[in-house]
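Got a structure for you, written out below as C-alpha cells; questions coming shortly.
Naming follows writing order (A, B, C and D), and every chain is counted from residue 1.
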Amino acid sequence: MHDAQPAVHHHTAPEGFIAKYVFSVDHKVIGLQYYGLALLAVFIGMVLSWLMRLHLGWGSLAIPGLHLLSRNGAPGNIMTPEYYLSLMTMHGTIMVFFVLTNAPLAGFGNYFLPIQVGAADMAFPRMNMMSFWVTFAAFITLMLSFFVGDGPPLSGWTAYATLSSVGGASGPGEATGQTFWAIAIALFCVGQLLGSLNFITTTLDLRAKGMTLARMPLTTWAWFITACIGLLAFADLLPACILLILDRSFGTSFFNPAGMVLNGQVTKYSGGSPLLWQHLFWFFGHPEVYIAIIPSFGIVSHILTVGARKPLLGGTRVMTGCILAAAFLSYMVWGHHMFLSGLNPFSAILFSVPTLIITIPFTVGVLMLIGTVYGAKLRFNTATLFSLGFISVFVSGGISGFFLAQPSIDIYLHATYFVVAHFHFVMAVASIFGIFAGTYFWMPKMIGRMMNETLGKVHFWLTFIGVYCIFMPMHYLGLAGNVRRYAAFTDNFLVPLIPVHKFITVAALATGAVQFIFLWNLFHTRFWGPKAPDNPWDATSLEWSTTSPPPFDNFGGRQLVVNHDAYQYGVEGPKDYIMQTDPAEAAGD
Amino acid sequence: MGKALGVVTAVIGLVSAYFFVAHTWWLPVDISTTGPAIDRQFNETMIEAGILFLAAQLLLGLFCWQYGDKPGRKIKHWPGGPKPVVAFGIIIVGLEILALSLFGAKAWGAIYLTPVASNALHIDVQAEQFAFFFRYPGPDGQFGKIHPELMSDDNGDYFGIDPANDVAARDDIMVGTLTIPVNKPILLTLHSKDMIHDFYVPELRIQQDILPGLVIPIHFTATKTGRWEIVCTQLCGLGHYSMRAFLEVLPQDQFDDWLKQQSGD
Amino acid sequence: MSSEREPSMKLYAGLWIVMILIVALEVLVTYRHMPTDIFVGLILILAILEAGIGVMYFMHMKFESPNLAWTLVPITIFVLVMLDQIWPDALRLARLSMFR
Amino acid sequence: MESDFHSKGKDIEVSESGAGAHAVIMEASPFGLQSKKLAIWLFIASDAVTFGVLLFGYSYLRLGSLDWSYPFKGASILNGFIMTVILLTSSLTMLAAVIAAKHDDKRRCLRWIGFTILLGTIFAVLHLREWFHMFGEGWAIYKNPLGGSPVFAAGFFGITGLHLLHVISGVIALSILAIRYNNGVLDKNHVETTSLYWHFVDLVWMFVFPIMYLMNAAR
C-alpha cells in the first residue's frame, strides 16, 4: 500500500522483465495487457462462432477435432445440440465481457486516459494491476469450464434461471461448467469495479494544468462516463452471481420456485422466482450494453474529427450530453429485455417509453457525426474509414431498436434472429469497428511503429461488406419468425430458411478469415513496421505531444500546460490544427 | 476512396432496403383477431424507420463522396450550426416515438390488458423439457388439481392430476396437440414443469414465456382454420430446438366431434 | 481540508444518542400493532433518517465540498430508485402463483 | 492507499523523490478530496448498490411469497438491538480516533482504534452466537424449520453473512492500520479513510437490522 506512489512521483522505470511486463504497475503496459487479452478472446470467440455457423448451415458436417473442445461431445465430430448451445454460451460470454468491455474501455482507456488528461499514471497503479490480473483470472476460470466435468454451460450468456440455477439436472454443462461461469463473471465484476474506481479518480484528480473538464477529449469523457456506469452496474451483477452460486452450491432457492419436477421427482426448492434473476441480470445487462458501445462512440467521434480536419459539430458539449443522457436512461429500460417474460403488462409499457426515448440522444449523436463529415477534408486513412463505417453500422443496428422497443411488435420479433441482428450490429459490430479504428489510430503511439495502410484498407473493405452480408440477412430471418438459439431447424416454417443460413455461414467464414489480415498486420507492424513519428495524424490531443511510444512517465517529466480544447482543426496558418499544449495566443480561444 | 465508400454505403443501404420493400421474407399469414393491429404497428414502424435508415445511409454516402481532402479547399461548417440539427433530431424522433408508443400501447393492451371473454374456452397448458401438453376440462368444465409429485410422462399423467381422489380430474382430457374451434375466444393458462419455456405461434402473433411456479394466462381468437406450429422460443435445454407442438384450428362442429371422441375413450 | 470546520466530540456523542434512540423507536414501532404498509414505511423512513445522520456527520459529507454530496448521493439513489420497477412484478408473483 | 500530493486540489509542489523530480501543477479536483478518499467514497457508493440489490431481491421474493414465517422472538430482537448499539458505539470510538489523529495524538488515537476493534469483534461474536443458536434450532441457509418459505433463511444468512464479512475485514483493516500508523508508515489521512469504510459498515447495518430483524419479528 504505502509504497504505491502517486503517478507523478516515480520517474524511474522498474527493472527486470517481471516488473516491466508482467506484474507491471505502468498503465501503458496494463492497457496493452488488456488489449492482448481482448485480442486472444476475440479470436477464440470468433472460432466458436465459425463452428456454430457451420453447424447451422450444414448440420451433419463433421468438423475434425471438434470433440477436443467439450465433453458435451461430438460423436464422429458431428456437433450435438448441447454442444452447439455451449458454444453459443461461451461465444456470448467471451465476446460481451472479455472483448466488448475489455478492449475499448479497459484496453484503450488504461493506455490513453492518463495520457490524455496529462497524468503520468493512473491514480492507483497497484489497484490497476490488480484489476487486470483479476480479469485475467476470470478469463482463465471461464476457459476452464471447457475442460471440467461435462463441459461448458449451455444456458446462454444471460444464464437464465432455472436452467442455470438447478445444477446438473437441467442438462449437460449445467453441473460444474455453470458454476465456473458464475465464478468467472463474479471475478470479472470485481476487476471492473477496481478499474472503474481508478478511471474516475484519475479523470477527476490527475488532470494537467489547464485541462479543464470542458477541454477533455471525447474519448476521455466516454471512458469516464462508462466507468461511472460500470461502477454501479457491475455492483449489481456481483450480488446476482453470488446468489446464483448460493443457489447452485448451497441449495438455496432464490431463483427456484416450488413444485419444479426434475427427472421425475419434485425438487426441494421453494419460494424463489426465475424472474428475479432476469431482473437482476438485465438491470446490469442494459448498462452493460452501453459500457460496450459508449467508449467506441467516444473513440469514433475523436478519430473522425482528426480524419475530417474539422471540429466536431456541436463540439464536446453536445456529444457529451448525448452520452450522459444515454448513460442515465440505460438504468431505466432493462425491462425491455423481458416484455414477454411474464412481466407485469403495465410495466412493459412503462419500460418501452424510456427505451424509445433513448433513441433521441443516440440519433442526435449520430447526426452530429454525420454533420461533422459535411464539408470536411476527409483523409481516408484506415482509422477514418472505420470511423465512417461505424456510423453506418451503428445506424443500421440502432434503427431496428425502434421495433424491439415496442412490446406490441416485440411479441412477434422477441427471440427471433431479428434481435440477434439488432444487438450484433449496434453493440458487437459497432463496438468492434470502434476498436479497429482505435487500433489503426493509436497503434503507432502504442508500439511506436506505423501499421500497414494497404493491408488496413483491404481489411476495412472486406470487413465492412462482410458484416452486412452476415447480419443484414438475419433481419429477414427474424421477419420470417426464425427462432434464435436453435441448434437445428426442423420446424416446417424454418426449413425453407436454411439456404439463408448457408449464405450467412459463408459470409461469416469469409469475414472471419479477413480478420487474420488484421492479425498479420498487427504482428508485422510490431516487429518490422516503419518507425512512427510523434504525431503521424496531425492530431491535437496530449498523447500526440509525446514520443511514440511514450516514456515511462508519459511526458518525460515535462510540465504540461493545456491551453486549448482537443478539437482545434481547420484553423488558418501553416498547420491546420492547434495542439492542446500549444501556447494560448495560437488561437482566439 | 471517398467516392468508393460513398457508393458502397449507398448500395448497402438500398440493397438492404430492397428486401424489406419486396417482402422477399415477411411475416407469415395472420390468423388472429389481435394480429392486424400488431401488423399495422409493424408496417408503420417499418416505414418510419426505413426512411430514417435510408436518409442516414445516403447522406453519409453523399458526404463521403463529396468531401475528400482536396488541396486548397477550405472546410465548410454545417449551415446554422448544431442547434437546428439537435432540434431536428429531438423533434422528428420525439414525434415518431410519441406516435409509436401511443398506438403500440393500444396493440399491446388488446392482448394483455383486456379481460378475457366470458364464453372463452379454457385450456390448460403444461410445458416440460421438451414438449407441450394441453388439458381440456371435459364435460364438467372443471380442471383437476395439480399435484407436482404425481407428474410423470410414463403413465401419461403429464399434469400430475389425481383421478382416484379428485372428481374434477376424472374427465380431464390431456392431449399433445392444441385443438381449438375457429372464431371462438380461447383462454390458455400456461405453466411449466421445470425450465422457462415459451409458447410461440408466429401466425397467431402470440409469444409468451412459460415460467415454473407461475400460471400465466393469455387469450386469443383464431380466425382461420388450419394446422400451425407451436414452438418454444426460450432456451430450455439441449432439446430446445426440437420442442414443438401443433395448433389445430377446426370449425366449431368438427371441434365438438373431436372433443366428444376424446372424452369417449 | 475540513479539519477546521470539524465538529466537536460533543456533537458526535449527541448524534450517537439520537441514533440509538431512533433504533429504539424502530423496535418500539415493531411491537405496536399497525397496518403493515404503515409499519414498513415508518421503519424505512426512520432507517433512512438514521443513515442520513451517519453519512452527513459521521462520514463528514456535510463538511466536504458540496459537489461530492450533489453527485454521489443522487446517482446512487437514482440507481436504487430505478430498481423499484420490480415491485409491480413482485406483487404479480403472488397473484399468479401455482399454489394459491 | 496513495500519498496525498494533490489533496487540496490546488497547485502543490511535489517534494524531491525519485529521479528528476520537479514541480507538478495539477488542475483542481472538483471534489477537493484526496484521491484515496474519493476512491473510498466511490467504493462505498458501489458497495451500497450491492447491498441495495441484495435487499431489493430479498424483498422482491418476500413480497411474492404466500407462506412467510416470522421467526424472531423477543430475545433475538434484543440481541439485534444490542448489536446495533455496539456498532454505533464503535463508530463513535472511531470518530474519537480520527479526531485524535487530526491532533497528531498518536497514543489516544491508537487507544480509540483499539476500542473500535474490540467493539467490532464483540459485534461479530454476538452475531455468530445468534447464527449458531439458529443452526441449533434447525435453521440452515437452505431450510426453514418453521415450514415457511426458505427464502427467509437464505436471505438472512446471505445478507447478514455478507455484512459480517465486511465487519471482519473492517476489523482486520483497522488492526493493520493501527500497526502501520504506530510505526509511522501510514498517516492520519489513512485513519480518516479507514473510518469512512467503518462508518459505512455501520450504515449498512442500519438497513439490515430493520429489514432483516424487525420486519421478521414474531408479533
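Going forward, a residue touches a chain if its C-beta (ideal position, glycine included) is under 8 Å from a C-beta of that chain, and two chains touch if they have at least 3 such contacts.
Note that the structure is predicted; figures quoted are calculated from it, not measured.
Common neighbours of chain A and chain B (chains touching each): C. Remark: among chain pairs A-C and C-D, C-D carries the greater number of C-beta contacts. Taking the mean of each chain's C-alpha atoms, the chain closest to the overall C-alpha centroid is A. For the pair chain A and chain C, the distance between mean C-alpha positions equals 36 Å. Work out the mean CA point of chain B and of chain D, and you get 48 Å between them.
Rounded to whole angstrom, the centroid-to-centroid distance between chain C and chain D, based on C-alpha atoms, equals 15 Å. For the pair chain A and chain D, the distance between C-alpha centroids works out to 33 Å.
Annotation for chain C: residues 75-76, 79, 83, 86, 89, 91-93, 96-99 touch two or more other chains.
Of all residues in chain A, those touching 2 or more other chains are 232, 236, 257-259, 272-273, 275, 279, 283, 342, 346, listed in ascending order.
Across the assembly, chain D contributes residues 30-31, 42, 45, 49, 53, 60-61, 64-65 that each touch 2 or more other chains. In summary, the structure contains touching chain pairs A-B, A-C, A-D, B-C, C-D. Listed in rising order, the residues of chain A touching chain B in the complex are 80-82, 85, 154-156, 160-163, 170-172, 256-262, 264-266, 272-275, 308-310, 313-315, 318, 340-342, 345-346, 348-349, 352-353, 356-357, 359-360, 363-364, 366-368, 370-371, 373-380, 385, 388, 391-392, 395-396, 399-400, 402-403, 406-409, 411-412, 414-416, 457, 461, 464-465, 468, 472, 475-477, 479-481, 483-493, 497, 500, 569-570. The residues of chain A lying in touch with chain D in their complex are 1-2, 4-6, 8-12, 123-124, 126-127, 193, 196-198, 200-201, 204-213, 231-232, 234-236, 238-240, 242-243, 246, 250-254, 268, 270-273, 276, 279-280, 283, 557, 559, 561. Interface of chain B with chain A (complex): residues 1-2, 5, 8-9, 12, 16, 19-20, 24-28, 37-38, 41-42, 45-46, 48-49, 52-53, 56-57, 59-60, 63-64, 67-70, 73-78, 81-82, 85-86, 88-90, 92-94, 96-97, 100-101, 104-109, 111-113, 128-129, 148-149, 151-152, 160, 193-196, 198, 200, 202, 205-209, 211-214, 216, 229, 231, 233-242, 244.
Interface of chain B with chain C (complex): residues 146, 191, 213-217. Touching chain B in their complex are the following residues of chain C: 93, 96-98.
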